[in-house]
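Pasting the structures here.
Next come two complexes built around chain A: one with chain B, the other with chain C.
== the complex of A and B ==
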């Protein structure tokens, strides 16, 4: 039985190994099927829901989607929507969230890793609780603040205000986890490096910038990616805080399938929108595979 | 000491501002709002109007007499119980299977199962919209029609003849696919910490795969199982985003797809826009959540995880 288990090889080989791999494949079928339905449908003239659906390859959906013509079969008059703007809006929110998360988490994570201060362990505990906090309880209060401040904002600036608010509010949700992930990376950097800088008369901030940051680049990359994807994928905050005409890809798709619009919606065009929306996620996924898995387990453990 | 304190404060300041502005203040506000008659977000007029416990009393009456609210409570219970089971047991099974097989194939599977978690909410909803679509083009209908199991397309999540079970099955399944990767990742990384020699020695002694799983792998992650269970319980009680999409797009029945957390969200922002009432329900959720959160910290034996800082000068 024990033969063939070398260092590093799989623990189960032969028939049993193949059975396990096939069982996993079977269990994964719903995932594989749904994603391929989405992507194939965006290039087809009908919903490609199963292997025996006959479809014609076409780029028509993508053309209609990018031109903002979303109801090609309905005889009603419609105004084309500005899809490029939706994409830019999505990117603004995602980019903004990334910047805010990095700005607020790098210095804090450094402090938690390197300094001792009043309530240090209490604060770290609090961050974990905040990460698990019922988001729905927060969003009611956050929206009340939003409405309250909004009355002081001149009308002309109200759109900017919405964007800034949604970015900071969404970023705040990511900060507890980001700090924990980054602290893990800081903890692995030898302290002697900064010490040398400080002995030479540099400040803590200089030490952080010149000696430590270059060594935690993977950690910063991981946190930046998580933050970007969080902002990119967000539906709820964008839906609640941005004015209805400032859509992102998420709220655009939502508006196509939400109640009342369904009769005029042409599903293959929505598939094109969904596929485009999925691209950055897939890219990050393929590029950062191991970093992603390791960071998730490290971060989640904490 | 004072200088050190100031220095730490300087580094922590951005985080502290955001935590106060977007966690602590909103939390106080939510609790405050639960004692006011706030509707339609008229914060300037109604925020200093007190109605005492009226919202809580209404909540109590709704829980006793309102049939729709009964559906919400039932759905919450069923959703949390079954999804939790999938997330923990499914995560454990996935972790064991991917741990046993060849590393490259294992990586591919783990990434595949992580994909739902990383997929934008709207896209993930879209996937299941196509899958459970009520017309003959829907994936599930298409398969079953071809196989001859059904004669005409079924509206899976909304057909009254199959409620509530069909709607419950859909929300549990869809959320399970997202949640199961959490346990998988935690358990898998715990398995990786088991010395390989231990397993190899057991195999040399003639232990079957099943015995290795039962006597080595599972006992090794006992604590992780407890931790994942409590943590997932907490996150399931408070999660609403995926359900929001499924209900909004009529993939599932409105009430048999709505849990308490989603009920709070819809009450505050979409249906009746009664924020005072929604806030009262939210406060109940916060209380449940805080208790579970504190339990989790205990289980994690948190104090052991906080190592003293290095480089404190």
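== the complex of A and C ==
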């Protein structure tokens, strides 16, 4: 596994390699600058907007943020916010969306790849069409469903209902593309592998579990990343469907930057919030990246 | 072990008929090769026996047991796929143990059986490796071990050697045959390689377009092909086939290309008298002819011009053009005529094959059917 791209592979050797590295650096410079500004500011007593800004290292921003205290300098009276709760909320939404997307897309992609049923190719094309609709455009319709269903939900369960609704609604936006991605991975698993399991005494389900799923792991990882990020980053659905006091990190940061609050907001604290907001994304990506690049081959020829 | 029988089996995929009304018996403990070009339906027959495909019509029996509606896992078969289909995420040990694990065999028994079959196939030192770390030949053996570990009644092999290099193929070929005889398992072997089929099988079944062309021991397939397809498919190079006109004066005589005549005296004569076809299809094998300078004795002779000579070391393949027909003749290395030279191709006595121009069936078989029918 050690050879190949990166780790001093043939791609980055020689003059050509230097050119490539320079080009990549140049292309990612804006991204590097914005992220370094964000992360440095979260540990500074002022906004680190250029390399010449003098700043002092401090953990004060993080303390204030984790205690839920925003806008400390403007002298405005503020109510502490329950940051831990927002973090948990974000995790619930992101995790929930991931689970729902995976459950729906793995099973349907397998069916699309392996089974013959009425309107199969028609439905595949329909999925692309579904993906073409932006979530924002659908929000009116989704809201109508929300209100309609809400009338059947007892008031005590309303909060749970909101969470479940957000998760399912947000997940359904991701599912069409997820199915397409996964179908491609399933298509690459040879039929013989499943047949081998069935001849060896397994059922179709055993074959899926033991022979097929391990080989589509990279696809599952990719879909999981997209779904997780979709849930983690979502603003509109969370904003519309969760009760106002149930914020996620995304809506919380947004509320701090929204109209009328920006003047009173101490931006280094918001930077701390933004940095925290980044961390799980980075962790999740690092963990799944190995899976993404992992390709199981061998034992299969022809 | 068990005898496998197909009765009137037809398999359609949509509008395509892959296997058409096949009646076939695979003898108990016999090694049968299904031989045909790609798309002939030979693999379909194998997967029908395996139970992966269900016949559109007809029944399949293992001995007295009707298995037509049974799932593959209820049939006790071992199957080796062309691409081996090893589980890439499992070690060699786990791959071989997998069928036993699915049967809920106790772990100690699994261990013993896996080690036994691994030793038998000389792969016991590879048990901790992953398939990707093995050579093609080793992967092939692991696939065979996985098929054999459950002690199947029927061993099915789908072109298991086609992904190996030529040297290894010849080595494993003989090994596979030894293993099959040692275990006495009924084996069905799909291949498009005639030399594999002829070398390994007790019985060869030649298939084309879903229909059985001939079912016979290798010798018979080679020496007495049932029809033009079998004659032109078997042999390397395959048999020379060309049309010729007939006339019947005192004997049935064939007008060969180049203007010579050959009058038939052997067992073909009676059929020819009875059918009196005005045309026949003539065939002979390149190795059953020689290049001579003068036409001699009563052998069939064709006059032609040397077209190309391909020296292969052990022998030469000489192509002779006669009228617009190209004939191939295998000659000893020292017989190397010049291109453009006028030569005579003499066919060994009794080696000329005659086929019915309509049905393309070997007239010899028509004669036999008549004599059997009275």
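In this text, the second predicted complex is superposed on the first by the 246 of 302 C-alpha atoms of A that agree within 3 Å, B and C clash if a C-alpha of one lies under 4 Å from a C-alpha of the other, contacts with A are read in each partner's own complex, and residues count from 1 in each chain.
Keep this in mind: a contact is a pair of C-beta atoms (placed from the backbone, for glycine too) under 8 Å apart; a residue touches a chain by one contact, two chains touch by 3 or more.
In this text the structure is predicted, and so the values were computed from the model without any measurement.
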item	value
Contacts of A:177 with chain B and chain C, given as first, second, both or neither	neither
Of chain C and chain B, partner touching more chain A residues	B
Which superposed partner A:215 touches (first chain B, second chain C, both, neither)	second
Partner chain(s) touched by A:112 [first = chain B, second = chain C, both, neither]	first
Partner chain in contact with A:206 - chain B first, chain C second, else both or neither	second
Touched partner set for A:198, first chain B, second chain C, both or neither	both
Chain B versus chain C as contact partner of A:83, first or second or both or neither	neither
Partner chain in contact with A:233 - chain B first, chain C second, else both or neither	first
First (chain B), second (chain C), both or neither touched by A:93	neither
Overlap of chain C and chain B interfaces on chain A (superposed complexes)	195, 198, 296-298, 300-302
Residues of chain C defined as touching chain A within the complex	47, 50-52, 71-73, 77-79, 81-89, 95, 98-99, 102-103, 130-134, 136, 139, 142, 146, 150, 162-163
Chain A to chain C touching residues, read off their complex	190, 192-193, 195-202, 206, 210-211, 214-215, 296-302
Residues of chain B that touch chain A when the two form their complex	4-5, 7-9, 11-12, 14-15, 18-19, 21-23, 25-30, 33, 38, 41, 43-44, 47, 94, 97-103, 105, 107, 109-116, 118-123, 125-131, 133, 137-139, 141-143, 146, 177, 182, 185-186, 188-189, 196, 199-200, 203-209, 212, 231, 234-235, 237-238, 240-241, 244-245, 248-250, 261-262, 264-265, 268-269, 275, 278-279, 282-283, 285-286, 289-290, 292-294, 296-297, 302-303, 305-313
Of chain A, residues touching chain B in the complex	1-2, 5, 7-12, 16-17, 20-21, 23-24, 27-28, 30-35, 37-38, 41, 46-47, 49-50, 52-53, 100, 103-105, 107-108, 110-118, 120-121, 123-126, 128-130, 132-145, 147-148, 151, 168-169, 171-173, 175, 179, 187, 191, 194-195, 198, 204, 229, 232-236, 240, 249-251, 253-254, 257-259, 262, 267, 270-271, 274, 277-278, 281, 284-285, 289-290, 292-293, 296-298, 300-302
